[in-house]
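After this come two complexes, each holding chain A, first together with chain B and then together with chain C.
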Partner chain A sequence: MNKKTKSLLWIAGALFLLIYPRLFGIYYANIVVTFAVYALFASSLNLLLGFTGLLSFGHAMYFGTGAYGTALALTHIPGLPLIPAVLAGLLASLVLALCIAPLVVRVSGNAFAMMHMAFGQLMFVLALKLRDVTGGEDGIGGFDIPPFSIPGVISLDMTDPILFYYFAMTVIIGSLWLLWFFTKTPFGQIMVAVRDNAKRVDYLGYRVPHTKAVVYVIAGCFAGVAGSIYALFQNLVAAYDAYGILTSFVPVMMTMVGGVGQFFGPIYGAAIFGLIDEFTTRFTDRVELVLGLVLVLVIMYAPYGFAGFITKMRLRWAARKAA
Partner chain B sequence: MTILETRSLSHDFGGLQVLTDVNLQVVAGERHAIIGPNGAGKTTLFNNITGTYTPSQGQVYFKDKNITGAGPCKIQRLGMGRSFQITSTFDRLTAFQNIRLAVLSQKGIRFNLFRFVDQMDEVTRDTVEILKRINLFEDRFTLAGNLSYGKHRSLEISMALATNPDLVMLDEPTAGMSVDETHYAVGLIRRLTEGKTVVIIEHDMEVVFSLADRITVLHHGTILATGTPDEIQQNPNVQTAYLGQMED
Partner chain C sequence: MDASVAMYVAQGIHGLAYGMILFLVASGLTLIFGMMGVLNLAHAAFFMLSAYFGYQMLAWTGSFWLALLVAPVLTAVFGILMERFLLKKVHAFGHMGELILTVGVSLIVLDGVKAVWGTESLPLKMPPILEGLVQIGGMQYPIYRLFIIAMALMLLAILSLVLYKTRLGMVVRAAVSDAEMVNALGINVPLVFMCVFGVGTWMAGVAGVAIAPILTVFPGLADQMGMDAFVVVVVGGFGSLGGAFLVSIIGGLISSYGVQFLSQYAAVLMFVFMAVALAIKPMGLFGERE
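Presenting the complex of A and B:
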């Protein structure tokens, strides 16, 4: 695919997303927002899992903290505009990531995964028990969603699902672009090198723990942004949705199914999960049964996920064309 | 001028004494080979010098700085590069990306999150130049893990050299190579280390005697002798301990 076709495809995709809610209505617009939130959440996890080789079973703590950060800021600060509310979520996740990073960057593998499970559950229990702050199991809901406004220029009502769709998609696509950009910087190269061979990275004169810490904080921040959009979207944040163990597992599964270590992997994964969820619920409530089965099949037959499968098909196609 | 010195260096692994009272001196600009039978402690000595292990006793001085107990990253930044006996590259990255990581390190580009690495023309140019010098330019888009053994070894050695260190520590660079590959690798090392100080562990005596200015013989964790290739060949202790065995 040459550069021209590629940019044409991107423009077509952007146009499609632009007219999408007009074509399909609010219900399907909301499905896409949910998908996009998870795509960003899973992509931030992929930065750890796929690009740096760090498996986290507690990434929900950044998603949840972002969600609670935004919800709490909107509840307690009257008249807080929309963008600062999102930034409040990001900031909350940033602070948490800065606190936890020094503890976890010196471990990897199972220890890293398990420590995150522990920290994630700790956050969950805190959210459940500190009822005065978090509302416990019921969570925080019904806070006012401020309009997107540039004073004197524009003010868009964010309770209108279609206008919110545009806002959420802009923030999420912007965040995804930034994540993609990070993987293309010199730093992005070093983080992939840490995944492949941390010892050699050390011998090349790069500080491995520092590298991991920076990746970790970035991943936490973007999970926070995903959580923040989620809070605005649902107008409700509750302990199970924000910090529950499933919320940690889902992005891991999405990344596995979509393709670990490929930038678009988790985005495919989120789309596949979204579609499965949408179609399965029409017949049964047992969505997890189908998702679990898909995960098993992917691990058995397509270990590099959907993105790996596409690459394989493309190579096969190119080989056939050449022959 | 001595660039690297170990003073009464000892290392034991929980009671197993691997190095005892090693006083090694490497002069700036020389090619210094370390030889010795299997289990003599050559790689352990390397690991103590390059920061993998902290010595149990004694000190390591590099450029007159005490680097005892410093980590690999810090020692590398002082100007000591290292290659490994067991090939240790980034196998899921291309040959180009492997070398580029070394070039980035050499240029001190570490936490740059604001530019496309592909658009750093100077980095790309230096990387391509190195790849051409080591005859890997044709294979630049091959994943390191998919390179042939000889090429993979060349990449391993070149990564240590691409950071442009003052002192290069090569741990058995020709390990497992065929005769032709060894011949090629020796030429490569000779070419790439022009004007640098090299410490090299080597089993192949032909390589050692053709490459080294000075040789240190390690036996049971202690230095048996140090000297020019001729002196080492004449040394009766060395002959009984090491070279003699090979003539049986």
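Presenting the complex of A and C:
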């Protein structure tokens, strides 16, 4: 594919997303927003899992903290505009990541995964028990969603699902683009090098724990943005959805199913999960059972996920064309 | 004997009993980890599955003892099947794949039991012999909890005898430290792995049936136990049986006295304990490897 067709495809995709809610209506627009939130959440995890080789079973910490940050800010600060509310969620996740990063950047592998599971559960239990702040199981809901406004220029009502769709998609696609850009920087290359051979990176004079810490904090921040948009979208944040163990597993599963280590892997994964969820709930309540089966089958037969499958097909196609 | 001492002792017994159950679950987890370097995230799901099997056996046969005998074996069979046909296949893809595979299996089991047995909590009645209290030295103890403590201590004794006093145990310990070398010496290491996996899930199964009369059988059974068992394995040091034993007892006592004195924050205490322990010894109390 040359550059011209690629950019044409991108423009076509953007145009499609632009007219999508007009074509399919509010219900399908909301499905796409949910998908986009999880795509960003899983992509931020992929920065750790796929690019730096750190498996976290507690990434929901940052998603949940972002969601609670935004929800609490909107509940307690009257008249807070929309963008600062999102930034409040990002800031909450940033602070948490800065606190946890020094504890976890020196370990990797199983220890890293398990420490995150434990910290994630700690946050979950705290969210359940600190009822006065978080509302426990019922969570925080019904806060006012401020309009998106540039004073004197424009004011868009965010309770309108279609307008919210445009706002959420802009923020999420912008964040995804930033993440993509980050993987292309020289620093992003060091990150991949840490995954492949941490010792050699160390000998080359780069500081491995510091590199991991920076990646970790960035991944946490973007998960926080995803959580923040989720809070605005649902107008409700509750402990199970925000910090539950399944919320930590879901982005890991999406990344594995979509293709670990490839930038678009988690995005495919989020789309596949969205489709599975949409279709299985029509037939059965046992969505987790289906997800578990899909996960096992993918690990067994397609360990590089959907993105790996596409790459393989493309290589095969190219080989046939050359022959 | 005055009331506050009696309360301390009673909570102590509760804590010890829970600690023993915790040890049964965590020891399997830590053994499997020591052998294969895989943390089996489906372990707690097997623990719960066994409790359901126990309930079903009791419903069919009416005998608690038969349930305690058969359900863990059935669970171990499931564990071995998973090791043989799933875990082994993804071994080439590295630990990450194995870890995530166990998550998938755990999801299937957790949701599967809901599909078969529903979501309400099912009672598993203890046998009449173990009901009630026993009087020792002017104090009353619940018999069932003493039974759990005795049974776990017995299993621990057998396990350590086999591990440290027999040839088989020597092979297992050798395989833990260098599987490749042991394989080269002509010992069928994959078979040893499979046996250890089976024994590990069997112990989790025993714990599952043993705790069911106290907590009843419900789908959330795995959550609390799974988390506590992981904390035990992490704090005790990955792969260390002695560490698992010590930390299980500490953990049991922490949660039991925690409920008494700080009921609001009892659930957090385990994690606080873990954070403190890891801050002092990052590899766990008895851990040598990551």
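The definition used in the following text is that the second predicted complex is superposed on the first by the 323 of 323 C-alpha atoms of A that agree within 3 Å, B and C clash if a C-alpha of one lies under 4 Å from a C-alpha of the other, contacts with A are read in each partner's own complex, and residues count from 1 in each chain.
Here is the rule we use: contacts are C-beta pairs under 8 Å (C-beta built on N, C-alpha and C of every residue); 3 or more make two chains touch, one makes a residue touch a chain.
Since this is a predicted model, take the numbers as computed values, not measurements.
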Check your understanding: Are chain B and chain C a fit on chain A, or do they clash, once the structures share the same frame?
Key -> fit
Check your understanding: Which chain, chain B or chain C, is in touch with more residues of chain A?
Key -> C
Review point. Can A:K199 be said to touch chain B (first), chain C (second), both, or neither?
Key: first
**Study point:** Angular separation of chain B and chain C about chain A, which is computed from CA centres of the superposed model and rounded to the nearest 10 °
**Key:** 80
**Study point:** chain B versus chain C as contact partner of A:M300, first or second or both or neither
**Key:** second
Practice item. Return first, second, both or neither, reflecting whether A:V208 touches chain B, chain C, both chains, or no partner chain. Key: first
Practice item. Pick one for A:Y166: touches chain B only (first), chain C only (second), both, or neither. Key: neither
Review point. So, does A:Q189 touch the first partner chain B, the second partner chain C, both, or neither?
Key: first
Point to revise | First (chain B), second (chain C), both or neither touched by A:Y28 | key: neither
Review point. Chain B to chain C: minimum CA distance in the overlay, Å?
Key: 14
Review point. Any idea which chain A residues touch chain B in the complex?
Key: 181-182, 184-190, 192-193, 195-197, 199-208, 210, 214
Point to revise | Sites on chain A touched by chain C in the complex | key: 49, 55, 103, 106-111, 113-115, 117-119, 121-122, 125-126, 128-129, 245, 249, 252-253, 256, 260, 286-289, 291-296, 299-300, 303
Practice item. Write out the stretch or stretches of chain B touching chain A in their complex. Key: 50, 71-73, 76-77, 81-82, 84, 88-93, 97, 100-102, 104-105, 109-118, 120, 123, 159-160, 163
Practice item. Going by the contact rule at the top, pick out the chain C residues touching chain A in the complex. Key: 33, 37, 39, 86, 89-90, 93, 95-97, 99-101, 103-108, 110-112, 114-115, 223, 227, 230-231, 233-234, 238, 264-265, 267-268, 271, 274-275, 278-279, 282, 290
